[in-house]
Each structure stands twice: as structure tokens, then as C-alpha cells.
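Here is the structure we will look at.
The letters A, B and C name the chains in turn, as written, and every chain counts its residues from 1.
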Amino acid sequence: MHGLIQVDSLSKAFRRHVKDEGLLGSLKGLFNRRYEETRAVDAISFCVGEGELVGFLGPNGAGKTTTLKMLSGLLHPTSGMARVLGHTPWERKDAFRRQFALVMGNKSQLWFDIPAMDSLRLNKEIYGVDERAFKASVGELAEMLDVQGQMNVPVRNLSLGERMKMELIASLLHRPKVLFLDEPTIGLDVISQKKIRAFLKAYNQATRTTILLTSHYMEDIRALCERVMVISQGRLVYDGPLKGIASRAGRYKMLKATFTQPVPLKALARLGKASQEEEGRVAIKVPAAKATVAARELLTRFPVADITIEDPPVEDLVRQLFEKARASRAQEKARP
Amino acid sequence: MARLFRIWWCFFKNVLAETMSYRLNFFLMMTIHVGWFAVYLATYGVIFSQVKDLAGWSPYEVLFLAGTWQLIFTTFVGIFVPNLSNISWFIKTGEMDFVLCKPVGSLFYLSINRVELGGLSSMLSAIPALAIAGRHLPGFAPTAWDLAAYCLLILAGIAILYSLMLAIVSIAFWATRASAVQGLFWAIQEFGGYPAAIYNRPLRWVLTFIIPVAIIANLPASMMLKGLDGASVALMLGIAVLALVVARFVFYAGLKRYQSASS
Amino acid sequence: MTSGLRKYGAAYRLKLQDTMEYRANLVLGNLTQFLPLAAVLVLWAAVYRQRAMVAGWSFTEVITYFIAARAASSMLWVSLTQDIEKDIKDGLLAKYLLMPLSYFWYWLSVVAAEKTLNAVVVACFLLALGLAYHGRFFIQADPALLGLTALSLLLAFFISFCMAFTVCMSAFWMSEIWAVGFTKDMFQEALSGGIFPLMMLPPAIYHAALWLPFAYCLHFPLMIYLGKLTGDELARGFLFQAGYALVLGLLAQAAWRLGVRRFEAVGA
């Protein structure tokens, strides 16, 4: 195994307690608790080299965040090993912690009521960055992210997109060798998402910082990563170039439409595979090449109130990969 | 060492800035602490309006004890309470993850990241109480050594309070859904503000050696009133050090569990 | 009317379930309330070693008072700050405004559920204490007085709830209200007889305290139980208690309406 990040058969299992519903269930729960075990991460292995920008893709609850937390040292695995920058993360040595950063999309490490700059200064002290390097880093990052004017605004008064940018500066001012990002664009508007992605790509190219990012948005991965790892139910189902799945994912598009008058599904069948969704919406699966033609036909022939063209959900992609992996395993077994 | 102080100073500055946005809270907190002191003194007032002494302590001796307790307690509340009580909150919101990733000792970071200025400033209310008591006590003439020992024991008292609260709050690592366990600390500290003589022998022993609340104010106060006593000083310091060691152990054991069990 | 009661009943039941999830919390929370009681009792035992009667109270009466005070306050007193404050600050309030529900009565139902469970745990504890130390306390035998005590306790709960609710309404105007809540709690403890019997205060202060609502959160029901009130004082007390229940109830509703108006104007 070689590379900045080495993971071998890493596993993590949890015990969760299960309760029956209703008042009776609660009373029972007072005296007798039932537990069930879940395998959040199941024998994952991979290596990441210096300067790579790798994406973890998978549906919610697949084990992406749990894996990231083990690599940051926040969790002990149930079994297996991992080494990041030559250290075992969960020993949490200071020498290790000085060299990486973790950013979580829905949690903030900045103090809420005071200017972002004050939180940055705190990190400067904690990471032992000297004044000159601090000013240089923060200046560069603020310029790349276009937030020079917001440095002295209380974080409370910043927009969500601006807060994420400040989070990134706070995490990068000590020039970590590895950056872990957990759902960094979650909850952000489309423009902020684009800006964050552009920044991460530029930063990775300029500094050769190794970046590992998790997301359940295909768009994040598509825009940033050359290499993708797909995780489902704790297992790695794909580890390779983006091209490998982009083509698969890109084979189909979903046309989603609502109508001013009810339209029977049969009538839509000629466009593609149609199914009913909630709130009167219909989803039609069409080959990507035919998407615009199908959309035009939909608009001209049917009383469309609203229409969008989307990627198929990640779950579909994952299911395909899963089945492909299973099929190839079965093939190998069948070989004499 | 200097780095640790710089980090603490950074936290302090941030809290100061934050307090400026919440000035009203600061004054309210100070009012509350001084108010509690007044109520605490009023209890003694009611008692002494009916009896001449309390388990061998005269009114002004009790006042001196009360002042000592207020001094130790409010300083502790100002510096450590907002941090220790936040630990379970950090766990709940996931902020603990950020703390664990930083290249600083986690216990240090968690213990000092905030300061409660209202509480800290209300420690000043203890001074008049101590002064008045001193003036009304015949033969009360502390030497420089007495004062030095007194200050040292005040620090030991704060260390003991810190250890007690840390050990109790660390239980949150195991019993994640029992936040009420923190209340245990506030219940226990109530035993600290009264003359230890009111407790019977077995209880006094428990409150000195197992859950050392009773000695926190009693030892420094009675030492000032009755004279410097090397053995007592050594005892209190010893207990303080032991308490710190045990509490730190419990904390890190809990942290390990958090790392294994949480998601 | 029945549909109205049903929805509050549902809120009550749901909170019961929710609280039982945290079974350790339930037991611990109530236990920790009683620990300081030991310190207080030991303190007063030391006082009574010198005299049989203090300010007209016997030792038995004082012990009963403190235990009853602690039990009653854990069953009656309300401190809502965090939940309501969160609703207002995070804008979750909007979902309640859309429902055909009175926010005031909703929270009353939720708090009542919490207090019910508290009462169960406290009752168990009192029972154990009573069996272990029978003869050391004063048990009220007069059924009329017991009935009046119960009535007074209900009113005390309502008054306590209204005060807590009104304090929470300040969250519409201030960004952090925990200090306000804390201040109110402190005044409540001190002036309701939670620290020591109000009667032991100098007469001038005692009579002044009787004009404040706090005295009717604890002192009044306890005095009824201990049989320390004359007929006149009883009547006067109920007048004040009922009066405060009404006034504080109206005040809470008014504060709510003002707050909602601001919420709708400003957002959150």
C-alpha cells in the first residue's frame, strides 16, 4: 500500500436501540430495551496519493461520513487499519492534527456573534501560524473566494454561502496537506455551490493539497473529481475514474413535469418510461441523447404546467453499479 | 506554555467581544450571582436571629466562611462552568468533532474556551463580606504567610470544584440521554457553603475524602481563623491533586467511548 | 370543544412518551433535586440542637416544610426557556401559527405531561421516605385542608406556568433570554419560601412578600397543608392566588399576541 492515505479493510458497526411506537411502546421501553446492529462501513480498502481530488459518492446513510470521521480520527473503527500522512488517525497526535483540516457542510466551527476574522485569529494561535504567513494565507484565500469585504462582519450576519467560504478560510489558513470535506455544498444556493466548487478545484491545482470530499450530489463530483469512489450500504462498489460512471450516469435523463390537466401515463409511454410521483408530478426516463427532443414533444403535445430535466437519482446509479459488481463476481465464480 | 496562554487569551478576547453584544446578559448574570449571595447570607441571617452560634461557629466566623465560599465558587463559575457544562452540548451539536481535530489537548480546549464574565466579576462581592467579618473578629490579624496559604488553598478549592464537575459531566459520554446528570454537581456543591461541623462524623468523612466538597471553603476559612496549620494545607493540596488526576482519567476514558460509540 | 381537548390530550400523551425515552434523565433529574435537601436538613438540625422552637416552628414542622417545599417545587415549577426560545429564534413558531392551536394551551399540556411524570417519581420517593421515617413528619389529617391544599397546588402550577411563559415571550425582542429566565427563577426561589419559610423573615419583609405572586407558587399551599393559617388568612390567600392566576394568565396571552405581531412583522 502506498500513498498519503491508506485504508485497509476498515469497518465500523453500531448498536442502535429500537422502540415500538405509541404509549404502550414507551412504557415497555422503560424496562426493556431492544438493540440492533448496523454495519455502517464494511471492509473498505483504498489508497489516495498526494494532490488527488477524490470524491465519495453515495446515497444518504451509505457510510461516507462515517469513513471520513474515521480518517479524521473522530471515530475508532471496529476493525481494519488506516494511515493518513503516516499516522493512525484515531490516536489523534498533535503532529497529525496540525496537518489536516475537516470541513462539514452542516456544522460550523466559527463563533457566531463576532466577526469571522476573530475566529480566524483563534485558529492561527491554535495551529501556530506566524503573523506573516497568516496574513498571506488569509489574504490569498479571501481573494480567491471573493470575501475580502466581509472579514469584519459578524458571522451571524453573513449569508450561508459566505459562511461556508469563511469556514474554508478558517480550515485552510494553516496550509494543511489533507482536506476532508463532508457535504460542503449542502443547503447552499446554486451560485454559491458553483463558486465553492470552482474554488476547490483551483486550490487543489495551485497547492497540490489532497482533497477527499463526500457528497450525495452528482454535480459536486462531476465538477471536481477525476476519481470517484461510490459507497453503498457501507461497501465500496466502484473506485475509478469519473468517466466510468459519468457515462453510465449520463446515459439517462429524467424529465419531470406537472400538468394543468390530468394526463394518463399510457399517453406518455411513447416518450420513455413514465412513472407517477407525488404531488401530481410525473417522471419520464429518457435516453440522454433524446432528452431535448422528448422535452420539446412533451411541451408541444401536452398541457405542461412546469418541467425540469434532471439526472437520475444517485440511488439508481448505485444500484446499477452494485448489480454490475455482483454480476461480474458471479461470472468469475462460474469461470472454470 | 506561552502558546497555551496565547490561545486562552484569544478565547478571552472573543468572549469579551461577544459579551459586548449581550450587555444585558452580563449585568443580569452579575445580579444573579450577587443576588444568590444575598439569599445565602439571608439564610444565615434568619438562623442567627434565633440562635447565638451554629455548631460552634459565631456569626462573623460564618460570614467569613460564606465570603470564602463565594470567592471560590464565583471564580470557578466564571472560568470553568460555561465550558464544562457545554461539553454535553458540544457532543449533541457535533461541535466536539471540531475540537477533537485541533492540535491542542482536548481537555484544555474544552475547559477554557469560554469565560462567564458576569460570574467572574461578582467574585468582588466576596471582598466586603470578608473585610467586614475580619473587622468584627477579635484577634484577627493574618500574617503574610497566612494570606499566601489562604490564596493557595483558594486555588486548591477551585481545582477540587473543577474535578468534581468534570467527573460528573464526563458521565455524559456514557449516558448520552441523561443530561440531568449535570444537576448532580449543583446538588453536591450545596454541601460546600455550610460549616463542616454541622455534619456528623461519617458524613463529614465522606464529604472530605470521597466527594471533597466540605473542605473547599471550610479548610481555608478555618485556617485563617485559627492559624496556619501545615498539615491541613498539605491535606487539601493532596486531595486537590488526587481529584484532578481522577477527574482527568474519567474524562479521557469517556472520550474514548465517544470515539467508539458515536456516529 | 371535544376536538379541542383531543388535540391537547394528544400533545400531552406525546410528551409523556418523549420523556419516557429519557428514563435515566427522569429518575436522575428528580433525585438531584432532593440531594441538597439533605444539606438543608442537617443545617437546621444543627440549629435545633440548641432550641426546641425557632420563630414559632417546631423541628418536625420545619422538616416537613422543607421536604414538602422541595417536592412541590419539582412538581409545580416550570422553566420553559429553551424550547420556546428555540421555536421563536429558529422560526419554527411559524408551524404552530398555521395550526388551529393555542400556543399557550399547547405548552400547558406539554408541561403538564412532564410534571405528571415528575410527580410520579417524587411520589415514589416520598412514599419511601415516609415509610422509613414515619413519625418524624407532620401529616395533615384534616380532609378539608387537604382538599384546599390540592386546589392551591393546581393554581400554583398555573401561576408558575404563566410567569415562565411570559418570560419566554421576551425571546421575540431579545436574542438570548436564558439570563432573564434565570433571574426570574432566582426571585421565585427566594421569595416563594423555597429557601426557608417566609414566616421566619422579619415581619415587614414577610408582609411585603405576600403581595408578590411568588408567594403563591409555594408558600401559600404549604401553609395550608401545615395548618398554619387562620380562616381570614386562608380566604385572603385564595383571593390573591385566584387573582394572580387570572391576571398572569391574561398577561401571558397579551405578551403572546404582542410577540406574534412582532414575529409577523420582522420574521424571526
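Quick note on the criterion: a contact is a pair of C-beta atoms (placed from the backbone, for glycine too) under 8 Å apart; a residue touches a chain by one contact, two chains touch by 3 or more.
Here the structure is a predicted model, which means the values were calculated and not measured.
Q: Weigh A-C against B-C on C-beta contact pairs and write down the one with more.
A: B-C
Q: Relative to the centroid of every protein C-alpha atom displayed, which chain's own C-alpha centroid is closest?
A: The most central chain here turns out to be B.
Q: Nearest whole angstrom, what separates the Cα centre of chain A from the Cα centre of chain B?
A: Distance between chain centres: 44 Å.
Q: What whole-Å value do you get for the distance between chain A and chain C if each is reduced to the mean of its CA atoms?
A: Computed from C-alpha means, the inter-chain centre distance equals 48 Å.
Q: Based only on mean CA positions, could you tell me how far chain B sits from chain C in angstrom?
A: Chain centroid spacing, chain B to chain C, equals 28 Å.
Q: Out of chain B, which residues touch more than one other chain, so two or more?
A: Those would be 22.
Q: Among the residues of chain C, which ones contact at least 2 other chains?
A: Within chain C, residues 21 contact more than one other chain.
Q: Spell out the residues on chain B that touch chain C in their complex, using ranges where they run on.
A: On the chain B side, the touching residues are 22, 24-25, 28-29, 31-32, 35-36, 39, 42-43, 46-47, 49-55, 118, 175, 177-181, 183-184, 186-188, 190-191, 194, 197-199, 203.
Q: Which chain A residues qualify as touching chain C in the complex?
A: 19, 22-23, 25-27, 29-30
Q: Which residues of chain B touch chain A in the complex?
A: Of all residues in chain B, those touching chain A are 3, 6-7, 10-11, 13-14, 17-18, 21-22, 93-95, 97-98, 100-104, 106, 256, 259-263.
Q: Given the complex with chain A, which residues does chain C contribute to the contact?
A: 13, 16-17, 20-21, 23
Q: Please output the residues of chain C touching chain B within their complex, sorted ascending.
A: 21-22, 24-26, 28-29, 32-33, 35-36, 38-40, 42-43, 45-47, 49-51, 54-55, 174-176, 178-180, 182-183, 186-187, 189-190, 195-196, 200-202
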